[in-house]
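So, here come the structures, one by one.
One chain, chain A, appears in both complexes that follow, with chain B as partner in the first and chain C in the second.
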Partner chain A sequence: MTGSAALVTVLVVPLAGAVAALLAGRRGAVAAGLLASALGVAAALALAGTVLAGGMQRVAVGGWAVPLGIELRADGLAAAMLLITAVIGAGIAVYAWRYFGAAGPHDPHDLAAGTPGPAGEAAPASTQWLFWPVWLLAWGALNALYLSGDLFNLYVTLELLGLAAVALVALAGAGAAAAALRYLLLALLGSMLYILGVELLYAAHQTMDLLQLRERLQPGLSVWLAAALMTAGLLVKTAIFPLHFWLPPAHGSAPAPVSAALSALVVKAGFYLLARLWLDLFGALPGAGVVPALLGALGACAVIWGGVQALRQTRLKAMIAYSTVAQLGYLMIALLLASGAGEAAAGADGGAMHAAVLLAASHAAAKASMFMCAGSLLAAYGHDRIDAMAGFGTHLPITATAFALSALSLVGLPPTGGFVGKFALIEAAVRAGAWWAAAVVLAGSLLAAAFLFHALSRAFADAPPDKASAEVPAAPQLAALALALVAVALAAAGEPLRRLLMVGAAT
Partner chain B sequence: MSLALLYGLAGIALVAMGLYAALAARHVLRRLLGLNVLGSGVFMMLVALASRTTDIATRPDPVPHAMVLTGIVVAVSATALGLALLRRMHAHDGSPWLPEDRDDDSP
Partner chain C sequence: MTAEGWVPLAVVASSLLPGLVIFLLPEDRRGLRATLNLAAAFAKLGLVGLMLWNVGRFHEYEARMAVLPGLDLVLRADELSLLFMTLSALLWLLTTVYAIGYLEDSPHRSRFFGFFSLCVSATAGIALAGNLFTLFVFYEILTLVTYPLVIHRGTPAALAAGRTYLLYTLPAGALLLLAVAASQVLTGPQDFVGAGYLKPFAAEHATALVLLFAALVTGFGVKAALVPLHGWLPLAMVAPAPVSALLHAVAVVKAGAFAIVRVVYEMFGVEFAATLGVLTPLAVVAAVTIIYGSLRALMQDELKKRLAYSTVSQVSYIVLGTALLGPVATTGALVHLVHQGLMKITLFFSAGNYAETLGVHHVSEMDGIGRRMPWTTAAFTVGALGMIGVPPVAGFVSKLYLGAGAALAGQWWAIGVLAVSSLLNAMYFLPVLHRAWFRPPNGPWPHEDGRGRDARPMLLLPVLLTALFSLGVGVLAAMPWSPLDWAYLIIRREYGGG
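Right, the complex of A and B next:
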């Protein structure tokens, strides 16, 4: 497969899958979803291979050249994000296959609400199959976003992703409508701010293409205004502290496979765009170090605030959702260290960006696995109150193992991907002389250990003998275990990932 | 004052009004309308740009026009989804306000 064919395949498979799943209807949607997931992983692997061997891949859509046309580009960073998305997405698909299939009259969503609002009610079984087309659409939007090299096309993919993500939240039933609506309003506001910034950039430079813009970028008031608007819009969408408030209710009240997809993959899109903007585009502006410094400071607040809030939660899904707020903070700190000032001090070997992608990948695998475990526990116990789950290690040994492994990776203990990522982040921080960042990372790890091991300790508590729990099919639990093992195995992926990220990296 | 400048200034005014409504209103329908006004302002500024950023003064730049058309499609879809969700929330909770905005005198 040539590079450009692989690139187009990566884009087409999920979108074609979404259409096929919709046309196949209630009975055939699962098959379409699983098939698209398998093909998507193969295409992403092929693309990563060609990028690694042959450098950056480009496709001019419809044969129209930049600046009139839209160019799709796959560099190392894009290929890495595509591969992560495909692998985690496949795990989520396997989980969802039996999760939605098994949901009988005692639908597991009905107590899923970790929200301050009224508890969500059962999702009507007749609409559950819609998970497949909507999820495949969200996946296609993610892939398109990672491949876009054009600011306006990025806006369109952001909107596609946002609408699909809102629809996924709304799948939980009428009780989740408020969470979905809040998410939609903020996502729309975020993309309006973003497009306003894009417009200012176009007015000043007459191009939307990222590479052309980088060459033509002239410092000035309009560029700074554009940068501020786009960054603010993306901060809302990425749920960076203090704009994170919409995330816990939206992620905490969704069905388990949806929570996994949103928390593991969808929020990473905003981080990816922020990294593209501040490392590739605005980084060259004089005095541009201020904004990454601000993002890093917000990230540090997010790590601590998210950790403290997670400690205070009594419901498992809400706790896991706040953990995502904290984990996004690490990515912002890595962004600061990867930006001009940090990398100059560290010798510009891309160490911080490497740490960021490794952390993002480990978090995606571990967080997806953990939300899946929470879904299995919810199905078994009918609730997700942490303190009333005593003895889940005996009832659901596979789920308890998956939970323990993903907790290890989220805390950052060896031998997991989370450990290698955090280690690389602390190394970059120390080399850049940013001791505060190293301290925040360590403090965040302690907080994560406190809340995750508290939840895990319930697995080994003595179960009250009279409490019977419902049976949970093995396939979803094994999918959660597989993703937890991916989080562990990422510890060995450091070197290949570093080589991949060097392809097309802006230096 | 040129026509393009007039369009641009009107666009800025619409953006400001829409942003205020989207942030300050509590009724979700008002917020959605505010976001639509905000979007219209953004599109109007783009249309104004089309006449400004061109090499030949007599021929407007087609790229912003294509962007406005795409943007309108996106805005219509997003508004439809928002209205559907609002109806659903209203049917379920009996209130057109988000839970954090509700208090005793909410409709």
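Right, the complex of A and C next:
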């Protein structure tokens, strides 16, 4: 497969899958989803391979050159994010296949009947199949976002992604309506702020293409205003403290595969855009170091606040959702260290950005796995109160193993990708003399250890023999285990990832 | 990677892979599980034997893998690593036999033996770690795979002990992570090397190096149970007896002491550490730990708790010897690493036998137990006398070298510490022996298993062997391939041929 063909395939597969799933209807949607997932992984692998071997890939859509036409680009960072999305997405698809299947109205272990209350897992069975087209659409939007090289295109994909994500949350039915509505309003607010900033830039520079814009960028009030608007919009979308408040209810009340997709993949898009803006586009502005410094400070607050809130939760899914708030804080700290100020002092070896992508990938795998485990536990126990899950290691050994491994990665303990990423981040912090950042990251790790090991210790606790009420099929549990193993395997991904990220990073 | 780099990898894998398979075995596959366990233990011992033979002839093994730019995982077999590796491989075999006997009918055996094997793999990684990063990675993994063993019983007390264990070890891990990252930034990629590698950085970074030393010793000192970082160890004795053996002799506490030895000798270099002025504080901490642990041991009636505080005290002999400059003190420290393991595992196996066979958990219940369980009590006696330092048991050799080393280093106060500690050892062990051998039993035993005179063969054989080893390494200390002889070999490396 040539580079451009791979690039187009990566874009087309999920979108074609979405259409196919919609047309196939309730019976065929699963097949379309699984097939698209398999093809998507293959295409993303092929693209990453060509980028690694042949450098940045570009496709001018319709043959029109920039600025008239739209150009799709894949550099190392984009290829890495596409690959992460495809692999984690495939794991989520395998989980969702049996998860929604098992909850059908004719199934003896009807989830919908057994789980009333705030957990909100009671998805109406008749609309559950809609997960497939909507998820594939969200995946397509993510891929388009990573491949887009101009600001308007990024807006369109961001908006599409936000709407699809809201629809996914709403799948949980009436219980999640409030969370979905709040999510919708904030997603719209975020994209509105973003597009305002884009308009300002376009008015001043007559282009939306990122590369052209960077060359023409003239410092001035309108540019700063645009930068501020776009950044604020993305902070809302990425749920960075203190704009994170919508995330725990939305992620905590969605069905498990949806929570997994949102927490693992969707929020990463905002981080990716922030990184593009502040490492690439606005990084050259005089005095631009202020904003990454602010983002880093917010990230530090997010790490601590998210950790403390997670510690206070008594429900598993809410705890996992707050952990996402904290983990996004690490990425903001990495962004600061990777930006001009941090990296110049460090001799600019790209260590912080490398750490960020490793952390993002490990978090994606581990967090998806953990939400899936929470879904299985919810199905088995009929609730997700952490303290009432004694002995889940004996009832659900596969889930307990997956939970343990993903917890290790989220805390940042060896032998996992989360550990290697955290080590690289702390090394970058020490190199830059940012001891406070190292201290915050370590404090965040200890907080994460406190709440995750508390939950994990339930697996070993003495249990009354027949506490779990329902059987959970093996396939979803194995999918969670597979993603947890991905998080472990990422420990060995440091070197290949570094080479991939060098593509296009030198400019 | 040298052509024989597969050997150290295989040593780690020889317990890792069987461990992963054991997790998958159903509970009732007793025979298969035991076979796997024992085959793995013998395989590891064989591989270690091969390495011993070749390293004894100055041939080193190395395997290397890049994790991040400039950051490698290195497994290397040198003289020092094999000292610890041999001890843990040998004791793993005996502990496995013991554990198979001990856990005969208890639940969750596959989980237990799975984590048990992972524990030994992590220990092998620590022993063979060729640089600070590798040492740290396996040290953290050891924490994680020991935790499920500590809370194995799932009772509230076990879970609380596990929580305390993590409360000590995870912050220590965070501190170590910072120290390892900082040393990576300071020195760039470096491997452990005889006589250390930090000396060239002294001119510019003396303060940073002192801080680094403090952070590393604090981090590793948690597992080595240096006072005041020892609080987790006495609580952790709620775990089953084989786990206590693992904590106190085979793996955990030893890993902490061994890591401190590595840091002092092969990162800083003992002579450079002395000029940096960090050894005296370390020696003082060790001395305080030795006395404090002995005093606390004196107050315990629960046998395992008394042994646990005895470990706190005895492991710091190793640290004390490390902190005294001079080859004789170093020899004492290195040889005690092995000797303490042999003697302490004997004592914990014996305590486990008493608990399993008669339900005896407290010293006050041990009157006349020598007549009821003569073999176990004989082994216990050997271990206890060794801990006191009675010749010809192993502990005597250690104390002799430590004392002479202190004198040669001009640190006379350290001899005082050793003397007081030996006295205290005698005070908390001799009354136990007196009760066991010379007092009549005061009533029926709490929980007779009703099988026979002494413990079951699976429980008795390992304890007799370790008692025999404790005697043997003392009597035959001057023979080639004894721990003492091997310690001489290491000295040559650490003191540059001196």
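As a convention for this text, the second predicted complex is superposed on the first by the 485 of 507 C-alpha atoms of A that agree within 3 Å, B and C clash if a C-alpha of one lies under 4 Å from a C-alpha of the other, contacts with A are read in each partner's own complex, and residues count from 1 in each chain.
The rule is simple: a residue touches a chain if its C-beta (ideal position, glycine included) is under 8 Å from a C-beta of that chain, and two chains touch if they have at least 3 such contacts.
Source: prediction; values computed, not measured.
Once the two complexes are laid over each other on the shared chain, residue contacts for A:E199 go to chain B alone; chain C is not touched.
Using the contact criterion defined above for the overlaid structures, shared-chain residue A:E159 touches chain B, although it does not reach chain C. In the superposed pair of complexes, A:S445 makes contact with chain C only, with no contact to chain B. Once chain A of one complex is fitted onto chain A of the other, the partner contacts of A:L413 are limited to chain C, with no touch recorded for chain B. By the touch criterion defined above, A:E427 reaches chain C but does not reach chain B.
In the overlay built on the shared chain, the residue A:A178 is in contact with chain B alone; chain C does not reach it.
By the touch criterion given at the top, residues 67-68, 115-118, 121, 152, 156, 159, 162-163, 166-167, 170, 174-175, 177-178, 180-182, 184-185, 188-189, 192, 195-196, 199, 202-203, 206, 208 of chain A touch chain B in their complex. The touching residues of chain A, when paired with chain C in their complex, are 349, 351, 354, 391, 393-394, 408, 413-415, 419-420, 422-424, 426-427, 430-431, 438, 442, 445-446, 449, 453, 457, 460-463, 491-492, 494-495, 498. Considering their complex, residues 15, 22-23, 28, 31-32, 35, 38-39, 42, 45-46, 49, 52-53, 61, 63-64, 67, 70-71, 74, 77-78, 81-82, 85-86, 88-89, 91-93, 98-100 of chain B touch chain A. Listed in rising order, the residues of chain C touching chain A in the complex are 66-69, 71, 108, 111, 137, 140-141, 144, 147-148, 151-155, 159, 162-163, 166, 170-171, 173-174, 177-178, 180-182, 184-185.
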